[in-house]
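As structure tokens, here come the structures.
After this come two complexes, each holding chain A, first together with chain B and then together with chain C.
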Partner chain A sequence: MHIASGFLSPPVWGTMAAAAGAAVAASLALAPRALDERRVPLMGVMGAFVFAAQMVNFPVLPGTSGHLGGGFLLGILLGAPLGIIVMASILAVQALVFQDGGIEALGANIFVMGVLPCLLGAAVRGLWLREKPGPLTYAATLTVGWLGVVAGATGVILLLWWSDVLPRGVTLGQAVGVMAGIHAAIGVVEGAVSAAVVRFVLAMRRDAVLGPVCAEGGKEAVP
Partner chain B sequence: MHHVMLDHFAAGATPVHRLDPAAKTVAALAAILATVLVSREHFLPLVPVAAALTVYHALGRVPLGYTVKRLLIVSPFAAAVAVMFPLLEPGRALWSVAVGPWTLEVTDAGLARAAAPVSRFFLCAWAALLLLATTRFQDLAGGLGRLRVPRVLVTQLAFMYRYLWVLSDEMMRLRMARAARDGGFGPWTLRMRSRTGLVGVLFLRTFDRAERIYWAMAARGFDGRLSTVREAPMRPADWLFAAASVAAAAAIVAWDRLAHG
Partner chain C sequence: MTAYNRRTLLVGIAAAVLVGGVVSYFASTCPDGLEKTQEDLGAAEPVRPPLDVPPVAFQEYNLKWLGEGFWANAAAGIVGSLLVLGLLLGVGRLLRRRRPTEQS
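The block that comes next holds the complex of A and B.
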């Protein structure tokens, strides 16, 4: 769903680049609190993790499948600033190396697939940090994750409409309807899988993941 | 999987390969910006961009088949729009086909409107492709650092690229193990759970791996900064290449604005 080169008009990609740039700059400014040198490899490898996680296809409806976007999951597990930095570099590598998403549209893609889902993930992170996540936590995670995907898909259509590259035979409402409709199903997967993965990860290694990566004085190296 | 799958030709020794990565990045950005800043109704100003990319392509000895193949598979997004436009834009029908109860019509206006974004897409993807085909990724990351991209981001890119293949392999092993157990069958809930487990296990393994990497780096004197081996200064040729690219891009955009209003 990456926006490719040549579609957005200069005012649109300029605005989105400024917005995404500001978000990444804010994340970089906020990150040092969480980012001691021990976190450097963790964040880099987390980017590679999202790449690999995107390889897993989840059956949505018969005949169709979707994969995780990853931003929402990172927002919950790492918090917004680190999640945004990781997602921004993933999208940059996808644009540079795989030509998946345009270079000039990178800001728009970072905003839609990085900043937005990471902020939403961070919004429900607080619920997971509590000692016992209950049904409310799952329901909220599913809903907010779903919302992020549908809002992102709608956002892409709005950006295309603002750039005047929607076919004239289609109204804005129809385009949003189709795109949001398709992504309503994908959104359920994003929300449900993110919730299930967070639950799994926390059940296995709660302290390691939510606590500081290595507590003061150094924790045991992992065998 | 291995990185040679992507920067397979980046280890070449042509004059283009020897150019400074920062200079090449600036040139690629200049080509891309010129392409997307030319107004949509115009195609003539794109010709010099295409010509410059062709020359670069030839000098870099990048195989044509590789580029064509990569360009054709890269963007489902562009492909979807390219197909949608001619069908959904009202206009004179050039060609129509009946699909069940619907009639699909390819219109002249639709083709004309699809041409602008699709041509830009190809030029931009081509420029990015050539940059990566003639520059090793680690050098590119170093170049970005010299272009004042924040150090955290550069480190992030370098790490990601290094471990992309490692984790993709790990994921393939996990998937194969799962497939050996359930063959992709079973009730929906079970399949969902097993896939969720895959992602969860991969996350934990990644987490552990990051810690091992940190200890290994600390043992080698890591102080929060990555140092790259190759830090050659910009030669006059590099400055010339970067400056000429930027000047040419500016001239193209100015030409488009002046000549076409």
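The block that comes next holds the complex of A and C.
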């Protein structure tokens, strides 16, 4: 759901660039405390993986595809600040090198696909860090992951509406209905894939997921 | 670099290369959710001159000199993943240096 170039009006993309810029600056300020030597490589490979995963469009409805956002799973695995830095890096590379998402829309795209889902992922992160993630963890992950995609999709339509580029005769409600309807299907996949990836990475690299604050007691468990 | 970190990098790069370089070739080419919505609403054309960066090496997700086949897509997936990886390792290293109380 990358917003392409030529749609958002200057006040809208300017506002979103400022909002996303502030969120990225805050994340960079908070990041040093969340980083240890094991998290830097984890952050790097998760970024590479999410970039790659975003290239895999899967069919959702007739004539429509969707792809993973990835911000939600990054928020769970790395917390909000590092997740936002990773998503901002991915979206910048996509916009600058692959013409995926407009340059002026980069702030809006970082906000909708980075800041929002990373914060939601960070909100359920605590459930995954307990000894044994149970049904509640999975239910919350599927629900909140789904919600992040639908909320992001609705946000994109609001930005287009605010930019006054919805055609005459199309109401905001209709546009949100179409967009959120499609993304309600995509969100199911986002939630399920996020749960599977988090489970896998947690099993492989638990201490890197825990990070420097919590990992102190678990150091000798590392091979 | 510790063996632990080396293995993290190797497994992660392998996953990214497999997904971005191979699996993505078989991805759906249908418009994504936003493109489809814009088409359905009749709002698919930009209303302002687009500000896109010129495609220097990649045309969307294909390496320009390889056309549009499997290898053009694979090159895009692999180069893009490695660009993101390199960028984040650099940023991560810089940020780690600023860590206030280094204990580990």
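FYI, the second predicted complex is superposed on the first by the 184 of 223 C-alpha atoms of A that agree within 3 Å, B and C clash if a C-alpha of one lies under 4 Å from a C-alpha of the other, contacts with A are read in each partner's own complex, and residues count from 1 in each chain.
Quick note on the criterion: a contact is a pair of C-beta atoms (placed from the backbone, for glycine too) under 8 Å apart; a residue touches a chain by one contact, two chains touch by 3 or more.
These figures come from a predicted structure and were not determined experimentally.
Novice: By the touch definition at the top of the document, which applies to A:R38: first (chain B), second (chain C), both, or neither?
Specialist: A:R38 contacts both chain B and chain C.
Novice: So in the superposed three-chain picture, is A:L96 touching just chain B, just chain C, both, or none of them (first/second/both/neither)?
Specialist: The answer is both, since A:L96 touches chain B and chain C.
Novice: Once the shared chain is lined up, is A:H183 touching chain B (first), chain C (second), both, or neither of them?
Specialist: Touch status of A:H183: second partner only.
Novice: Just checking: does A:A153 make contact with chain B only, chain C only, both, or neither of them? Give me first, second, both or neither.
Specialist: It touches chain C, and chain B stays clear.
Novice: Taking the superposition as given, does A:V170 touch the first partner, chain B, the second, chain C, both, or neither?
Specialist: both
Novice: Based on the superposed arrangement, let me know which partner A:G66 touches: chain B (first), chain C (second), both, or neither?
Specialist: Only chain C; A:G66 stays clear of chain B.
Novice: Return the residues of chain A at which the contacts from chain B and from chain C coincide.
Specialist: Residues common to the chain A contacts of chain C and of chain B are 1-7, 9, 28, 31, 35-38, 40-49, 51-53, 55-59, 85-86, 89-90, 93, 95-100, 102-104, 165, 167, 170, 204-205, 208, 222, listed in rising order.
Novice: Please give the residue numbers of chain C that touch chain A in the complex, ascending.
Specialist: Touch list, chain C to chain A: 2, 4-5, 8-9, 11-13, 15-17, 19-21, 23-24, 27-34, 36-37, 40-43, 46-53, 55-61, 73, 76-77, 80-89, 91-93, 95-96, 98-100, 103-104.
Novice: If you look only at chain A, which of its residues touch chain B in the complex?
Specialist: 1-7, 9-10, 13, 24, 28, 31, 35-38, 40-49, 51-53, 55-59, 68, 77, 85-86, 88-90, 92-93, 95-104, 165, 167-170, 192-193, 196-197, 200-201, 204-205, 208-209, 213-214, 221-222
Novice: Per the contact definition, I'd like the list of chain B residues that touch chain A in the complex.
Specialist: Per the touch definition, chain B meets chain A at residues 6, 28-29, 32-33, 35-37, 40, 70-71, 74-75, 77-78, 81, 84-85, 87-90, 109-110, 113, 116-121, 123-125, 128-129, 131-132, 137, 140, 150, 152-153, 155-164, 166-168, 170-172, 175, 188, 191-193, 195-200, 202-204, 206-215, 217, 222-224.
Novice: What part of chain A is in contact with chain C in the complex they form?
Specialist: Residues in contact with chain C: 1-7, 9, 28, 31-33, 35-49, 51-53, 55-61, 63-67, 85-86, 89-90, 93-100, 102-104, 153, 156-157, 160, 165-167, 170, 174-175, 178-179, 182-183, 186, 204-205, 208, 212, 222-223.
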